[in-house]
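In the two complexes below, subunit A is the common chain; its partner is subunit B in one and subunit C in the other.
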Partner chain A sequence: MIEEVVRYVGLAIVVAGCSVNLIGAIGLNRFRNFYLRLHAATVSTIGGTFYPLVGLALVAFSSSELGSARFFMGGVLLVAAFLLLMLAPAGSHALARATHRAGVARPEPAIADHLSEDRGG
Partner chain B sequence: MRRYVPVALLVFVVYIVFSGSVSPYDIVIGAVLAVAVSALTTRFLVSDGGKALSLRRLANLVKYALYYLTVAEFKAHSLVIRIILSRDMPVRPAIVRVPYRAKNPYTIVGSANSITNTPGTVVVDLDTGRSVFYVHWIRAVGLDPETTYREILKVFEEGLSKVFE
Partner chain C sequence: MRRVIVAVSIAAFTALLAYATTVAGALGYLGLETRALARMFLALAYNPNLRELTAMSPAAVAAIVWDFRGVDTLYETVVFYMAIISALAIYRGVHKVGGGGSVGLSLIVRVVTKLLIPMNIAIAVSIAVHGHLTPGGGFQAGATLAVVSVLLAVVYSVNSFSRVGVEVSKAVALQSTGLIAIAAVVFTPLIYGVLTGAQAYLMQNYVKVDSGFHFPAEVLGQLISGTLIWLNIAEFLAVSFGFFTVFMLLSLREEVVKQPLLGEGHGS
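On to the complex of A and B.
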């Protein structure tokens, strides 16, 4: 009984994550410039990858037909989700910082750019 | 000596979760790895062993993680998803200054990670001399430091200060 509940909660999280991933992809196409697209990419990374990994871990833990291998699979998924949560923002930040420094994409339209003001640009 | 415990514990827990077994083989390998990694890296990672082992701080970290992974992420996702799916995409983008008060590097990195991991805000740069994050904000409510601090950083910094400061 409890295994069924855990499995269906996990599957529900995976389905929700897939929908969020699709919306993130639509946003990536619809947004106008690099910085706005970065927000759509964050939607896909966290809502579309982190939560589904946790959901898959729940599915793995509830699959008793796998025997003791389910703890290995679930553990790997949880560690992967944790590492993603810690490391993904470093990638987004590096992209944003490098783009702003090099000036290859202007943050326009924008109502203010305090970073350029403080750099004297 | 107590300084070396937190890193060793973390490595051991990650190893056991990753291998998914508590057989004697895995426990011995995990313990050996934990001691070796801790001996090599603790001097870069931990300055106050008592703080890292405090149960009250651990409880605060769990509380913060639960709040962040449910309420904060849900709010941020629903805002950006609504913008993506609406017909005219009502964005008000700006790169704003967000002053931070934290002194501990773990709190600063933790808040910056929390900001970047919520859709709608990305830390573009930071100035440690002036204690300012430069945040690209998809729907800027205001540009003055009080508003940006209250809207973007306040809950994250207050939650993490109880863990690391």
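On to the complex of A and C.
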């Protein structure tokens, strides 16, 4: 019983991650400037990859027909999810910061740009 | 109109490719039966009952790469080594790696990279020493470790190479050590044969029908697959520090390398 529940919760997370991926892809196509598109891309990496990996780990843990291999598979998925959670934001942060410093992408329309105000620009 | 044509052609290409590779079996991979060549490799990769033919390695790719067609892989390694030597020849006269005052990317990226690099090294070593058991091997492990050099150059700037004690000369020395270790493994049967007068072949791994020489397949109950683990570790050294050398040279600043690259008669 509890296995069934865990499995369906995991599958529900995977399905939700797929929809988030679709939303991220639409945003990547439709958003107006670099920073907004980067935001859409990070929505896909965290919402569309991190959460489905956790969901798949739940599915793996609940698959008792796999024997002890399920803990191995689930553990690998959780490690991959953790690495992604750590690395993806660092990567997009580096991209956004480098773009802002180089000034190659103008954020338009910009309501506030605190980073350039801090730099005295 | 143009976008419609592009979209239709992409969709048609995908559909045709999918049709050709699945239903029509254009690549010959359709069907569940194993082909004769694959059956031979699967039967011989790990087979303790056929000691004259097996490579004693559960990883069939490692068995093929370092045993069945080992000389091929040896030449590939030498070609890779020669490519690194050519890069060194082009960059000769460049002495200084680093320089300038930059400190790299922001604190967030540097902290994440600091966490990542030990994991990267551990995974690379694991891929190398498990190369005869699981998919992977020396070259893959070397490419994994080479990522560290790119991370150092991009995230911590080229100055970090000298700060962590990596220099081009040391990297070349380690790379050459790897190649010498491969040569030692390859020539050991030959030296054994010359010394004892017995029949032995270059790059021989286990007993053959006319030769009793063999490397140990197991040490302390652990399967090491004869030469495979030694060749994988040596290849790991050669490839990783070969990539280290090239990435260090490629990450040099233009003003450091321009003068030596142009030659002595220019730029003065």
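Here are a few things to note about the model shown:
The rule is short, and it goes like this: the second predicted complex is superposed on the first by the 117 of 121 C-alpha atoms of A that agree within 3 Å, B and C clash if a C-alpha of one lies under 4 Å from a C-alpha of the other, contacts with A are read in each partner's own complex, and residues count from 1 in each chain.
Going forward, a residue touches a chain if its C-beta (ideal position, glycine included) is under 8 Å from a C-beta of that chain, and two chains touch if they have at least 3 such contacts.
Predicted model, so just to flag it, every value in this text is computed and none were measured.
Annotation: superposed three-chain arrangement on subunit A; subunit B versus subunit C shows no clash, the two fitting side by side.
Looking at the shared chain after the overlay, A:Ala102 reaches neither subunit B nor subunit C.
By the touch criterion defined above, A:Gly75 lies against subunit B but remains apart from subunit C after alignment on the C-alpha atoms of chain A. By the touch criterion defined above, A:Met1 lies against neither subunit B nor subunit C after alignment on the C-alpha atoms of chain A.
In the superposition on chain A, A:Ala94 makes contact with subunit C only, while subunit B stays out of contact range. In the overlay built on the shared chain, the residue A:Met86 is in contact with subunit B and with subunit C. Between subunit B and subunit C, it is B that contacts the larger number of residues in subunit A.
Minimum Cα separation between subunit B and subunit C in the superposed model: 6 Å.
According to the touch criterion, the shared surface of subunit A, contacted by subunit B in one complex and subunit C in the other, consists of residues 86, 90, 93, 97.
Of all the residues in subunit C, the ones that touch subunit A in their complex are 105-106, 108-109, 112-113, 115-116, 119.
The touching residues of subunit B, when paired with subunit A in their complex, are 14, 16-21, 73, 77, 80-81, 83-85, 89, 91-97, 112-113, 116-120, 122-125, 127, 134, 136, 138, 140, 143. Within the complex, the subunit A residues that touch subunit C are 83, 86-87, 90, 93-94, 97-98. Remark: subunit A residues 20, 23-24, 26-27, 30-31, 35-36, 38-40, 42-43, 45-47, 68-76, 78-79, 85-86, 88-90, 92-93, 96-97, 100-101, 107, 109-116, 118 touch subunit B in the complex.
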